[in-house]
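Presented sequentially are two complexes of chain A, the first with chain B as partner and the second with chain C.
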Partner chain A sequence: MQKDSFYTVNPAVNICFFAAVMLITTFVLHPVIVGVSLAAACAYTLMLKGRKAFVYMLAFVVPVVLAVSVINPLFNHEGVTVLFYLWNGNAMTYEAVIYGCVSACMFAALIMWFFCLNCVMTSDKYVYLFGRIIPTLSLVFSMVLRFVPGIISRIREVSQARRSISPDFGKNPIKGIRHGLSTVSVTVTWALEKAVNVSDSMKSRGYGLGRRTSFSVFSFDKRDCALSAIMLVCFAACVAALASKTISFRFYPSIKQTFAGWAAYGGCAAFAVLCALPVLLNIKENIAWRILKSRI
Partner chain B sequence: MSEKTNKEDKKKAYRLALSVIVALILVPAVIALGVAVWDDRKFYIVSLIIIIMSMVPFALRFESRKLRARELVVLAAMIAIGVAARAAFYMTPQFKPAVAVAIITGIAFGCESGFIAGAMIAFVSNFIFGQGSWTPWQMEAMGILGFLGGILFHKRDGSLPKLLPLCVFGGLGTLIIYGLIVDTSTVITTQSVITWEKLTAAYVSGFGPNIVHAAATVIFLLILAKPLLGKLNRVRVKYGLLE
Partner chain C sequence: MANIKIENLTFTYPGASQPALKSVSLDVKEGELLLVIGRSGCGKSTLLRHLKTALTPHGSSEGSVLVNGTRLSDIPEREQAERIGFVFQHPDDQIVTDKVWHELAFGLESLGMDAAGMRLRVAEMASYFGLENVFYKNVSELSGGQKQLLNLASVMALSPDLIVLDEPTSQLDPIAAFNFLTTVKKLNTELGITVILTEHRLEEALPFADKVAVMENGSITVPDTPRNTARNLYASHSPMFAAMPAAAKLSCELGMDNVALTPGEGRGMLLSMGLAPKLISDKPEKANVKEPVIEASELYFRYEKDEPDILKKLDFDIYAGEIYGLVGGNGAGKSTLLSVLSGARTPYRGKIIIGGQRKKGRFSAFEERIGMLSQDPRTVFSGNTVGEDLKTAAMNRGGEDVEKRIADAARLMDIEDLLDRNPFDLSGGEQQRTAIAIVMLTQPRVLLLDEPTKGMDAAVKAAFGEKLCELRNGGTAILIVTHDTEFCAEFADRVGMMFDGSIVTENATREFFCRNTFYTTAANRIARDVYMNAILTEEVAGLVREDKQRR
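The block that comes next holds the complex of A and B.
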């Protein structure tokens, strides 16, 4: 991953950002809102992963979008503007086509946001977030995260050891499968015994005697405060605009859209700022870095 | 002693009340709210809220059970085995042993831990396969399978279940429960107007992958159930676990 400033803010800010953006994207089926969200998601993905990964991403997303936008008019015949009739006599309507396109773009934006979420929300951040609310489950979660690479590297070790003591390794496929099975069997036994060892160690260090404290490298600084404040204001403005019914889009039976007045523009602008927050943060930090460098 | 049992009883009653509140009041309230307030995406938000709420009682129960360190860590090891097993078969789509491991964990540890194991395997392995809107549904589906595995086959004395019913349950459970939940989630996530035609189309197109998934579960239950449960039994006898 390239250097990303949003990655370094407090995990609570991270998760609130993604929750707010995905919530609005998923539940407001309005072309403008969906478009803003999709554009911001694309920009952030580009910033996170670079152009090459973005093109790969598109190769995955575009077929999905096409499929979803075709499926709706094929199965849904509501709407008054008939474009043409299908082979089975069902109507293909303009409204259903538009609906399919908008919901496909919504889905694409959601996929992109989840892609960004996977980059930004690493597992340590989940442990930090849930450690206080559900301590036991978080403990299990962090132990699983630790065990998985351990098991995989142990499988490699065992299989290497077995390979070096058996001369006919890799010649007979049936023997190969048996080798694989006993490697897995050995590793599973090892993992379970290791678990008991770990628990003994935990017990001797006083697990279960009192409240567990946990170490984390995250702090809530001024920047996090500022970001949370901006997010809160933008989210509230956006929700207020949506609640005032100035942004709405009706698909069936005929398309009727409302997007007028300062409330609609304000709400949409607030949503744009909210979505673009990571990108803006990166740009701001880049400028600050350039200025600092030019002073040297 | 009596004070302690009194406290325990109170806790139990409290948890029962919580479950009743969730099942009888919160879920219908969410459905009613969805019908009344959200026009476009009501299926999505209602189902998502219900799924998350259905996991809450399990999480609370798990937190309040004060498991001993041993059970906790061995459970974590089983979940890790499930995640590693799913990751090992990353090249074969749908042909994954994760459900089998969740069911086996349910058999060994009981239904509640089975749910936690299934949900956790889905959640953690999606750090490898990618989190997405499908994560809650996968967690719920695998959790239910682990839970049912525990209910149907968990024995207090740790004796092994019969293989035939286990495989029938694993195959049908994966095909019907997991398949239905995940395919329905596809329709609910991508479409806003849900019709029977769309659902049928999703189930029909999902049938092939679901059959592969179910076959994988049956095969892995056949291969893994006896040795894995045997190993867990061995650890139990050797270290005096889970009693």
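The block that comes next holds the complex of A and C.
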């Protein structure tokens, strides 16, 4: 993970990037835009997790894509170009097939982007972002992140400890449930006791004495500034192109697409740069390292 | 800067008939390291909690606590938060946030410090306490010792001039404990921070202290030097004398003028006495036929396919009616071995035979009658009273005369008075005994105990050891995994040392300890030049007395 350069930029830049890309991917159902987004998402996933994980990912994504592109024309019969009639007399239309394919690709791209988001935006980054807005909320978030795994491992510990004092209830579901409930109740008692100790520790270190501030290990440097600027320009160019109606795609009743003029090409190029930003950043730093190494 | 004066402090918990503190007066000078000792439940924690308003328990109190001549209650809470730092017993229960860096900054955030100031303090603390390598880690990844150091560091981030530590090392292994105490001493000497510390394990802590105060039943003695304290405790036949370091015990019992504190001093003392070397010859053991309860051979185990082996070619046997002590460093695989022997984990190679039957795959500890107790005895409690828990366990096993078996177990573990109490309200030692009684009622043929003496004071520990011996004499096999070499030396029949996933050496207790140089009891380290195989303080004292009489 640390090898990914985009991971190391300020969390605010991370989150803005994902918001911008996913927003445009979701709302602009145009084959070119969706295609660009999907390609960039694939490239970034590949870069983040390597070929093996990417193949696993495809094993999950491809069936989803196929399912959506088949299901849509089966149930949606809008559109004027009839390809053939189904066994129940409904029409299979060319428009519905295209719509199904494009929206399936959009889904695939979003799944990929969410996967990347999950890798890049670790819990401490959310804590940081919340902390900028509401310091107390970020503390609560951080405490939950500590508390929940603790509870889970405690339940495991308790049920392991009780293996030697109570028989295996595998065959008797009612006794099994009662056994499970008492495990949970022991864990709750433990958690309450722990909470008292934690609150002592918090009070002892001045919690609740005044306005909290929020410490972070992240800083906003010049690279973050540059990235934000590029993102802003690209996003604005893309939105402007979309607003000028030079990029649009109508599915029903008949397909009518507009993609012409320098505004359309420019907007699309801007979106491509935006989507490929993490990949480009990684390539740039890789090249920098190659050059540094070759000088040694 | 921090000059503490407690004057005639009397404190009674609501509804209690006896005061928990009885006109306690205490004077702690600036830059002093004061050690407060006393048995569990003597009021140490209650006293310490009076040193900070936010932590003071509810109840009626008289008398006063003065910090630099100002009443504590008149010092604003913000100033108290900064200047008086607290570290408690359980490392896990004091950590608030999920990341190491966030925990270090927690106090500073609470006080509303600005980002630049925090950055500096957090950086300083991480470097001083050696936490750079774990700075970005989740706190759950730290070891117990690292967690406790983190707690100390996050308190020090507020730059206090008094730190109060309530049994901070009771949950740590000896190496981590020593490391922690060394850090505390370093803070005390390098930065002149006043320290008030309570401890059960005095072998390491006592030599560090400037002054020692002894608490008993809510009263406290005037602080004295460690050497004088040992002498006074011996003279007054106090039960607290049992907790003293081996060297101090030895020199008091031999009536030396100079009380030795460390094994090194003790060794010098014995050498200067010109004693004649002697070996202890144990009576040969009765040649009774021993019946193996668990036989394990060439066990291999790892958690994940790609991870290294945790158990490697491990051979282990335990027989009915013996106490086996298993010692070894952290991460040697001791706890993993326990979970393999109790059937919770399956070795990928090797053989386990329980009661003559070979076991393959996971097996039920209950069916095989293996009593396993994890480090935290609270994991086996489920009912509202101790009696209820005992009954559930006895009923689970079924059979005749449940009531009688419960009564027997309660008597054996000395918990007859506790049957109506809630198990979570008991003290650590009582919880440990109750948990063993619960496990015993399922009639196990072998008892696997993980660190049972953690957090016990010396007297409780001795009583606990006696109880284990009674169980052993009843024919139960007992495996104790522990860091407590003193406890092993006194109560175990055989001892094994685990290293890197296998048991590297195993022997009868005396042979085991007298062959080790480092991993042995303090008494053995003191006496090994003269009495090569003496491992207990009493043995050494007895031999010296014999030697003197002969002359």
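Keep this in mind: the second predicted complex is superposed on the first by the 260 of 296 C-alpha atoms of A that agree within 3 Å, B and C clash if a C-alpha of one lies under 4 Å from a C-alpha of the other, contacts with A are read in each partner's own complex, and residues count from 1 in each chain.
Everything below uses one rule, namely that a residue touches a chain if its C-beta (ideal position, glycine included) is under 8 Å from a C-beta of that chain, and two chains touch if they have at least 3 such contacts.
Not measured: the values here are computed from a predicted model.
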Based on the superposed arrangement, let me know which partner A:164 touches: chain B (first), chain C (second), both, or neither? second
Pick one for A:189: touches chain B only (first), chain C only (second), both, or neither. both
In the overlay, answer first, second, both or neither for which of chain B and chain C A:244 touches. neither
Does the superposition put A:29 against chain B (first), chain C (second), both, or neither? first
Name the contact category of A:90: first (chain B only), second (chain C only), both, or neither. neither
Does chain B (first) or chain C (second) touch A:258, or do both, or does neither? neither
Quick check on the superposed pair: does A:172 touch chain B, chain C, both, or neither? Answer first, second, both or neither. neither
Could you look at A:117 and tell me whether it touches chain B, chain C, both or neither (first, second, both, neither)? first
Is A:286 contacted by the first partner chain B, the second partner chain C, both or neither? neither
Under the contact rule defined above, give the chain A residues that sit at the interface with chain B and also at the interface with chain C. 123, 135, 139, 143, 145, 150, 185, 189, 193-194, 198, 200, 202-203, 207-208
Chain A contacts chain C in the complex at 123-124, 127, 135, 139, 142-143, 145-146, 149-150, 157-158, 160-168, 182-183, 185-186, 189-190, 193-194, 197-198, 200-217
Along chain B, where are the residues that touch chain A in the complex? 38, 40-41, 44-45, 59, 62-63, 66-70, 72-77, 79-81, 83-84, 87-88, 116, 120, 123-124, 127, 130-133, 189-193, 195, 197-198, 201, 223, 227-228, 231-232, 234-235, 239, 241
In their shared complex, at which residues does chain C touch chain A? 52, 54-55, 77-78, 81-82, 85-86, 88, 90, 92-99, 101-102, 105-115, 118-119, 122, 136, 139-140, 151, 154-155, 158, 339, 342-344, 364-367, 370-374, 376, 378-382, 392-393, 396, 424, 438-439, 442, 444
Chain B-touching residues of chain A, taken from the complex the two chains share: 26-29, 68, 71-72, 75-76, 78, 99, 103-104, 107, 110-111, 114-115, 117-118, 121, 123, 134-137, 139-141, 143-145, 147-148, 150-152, 155, 181, 185, 188-189, 191-196, 198-200, 202-203, 207-208
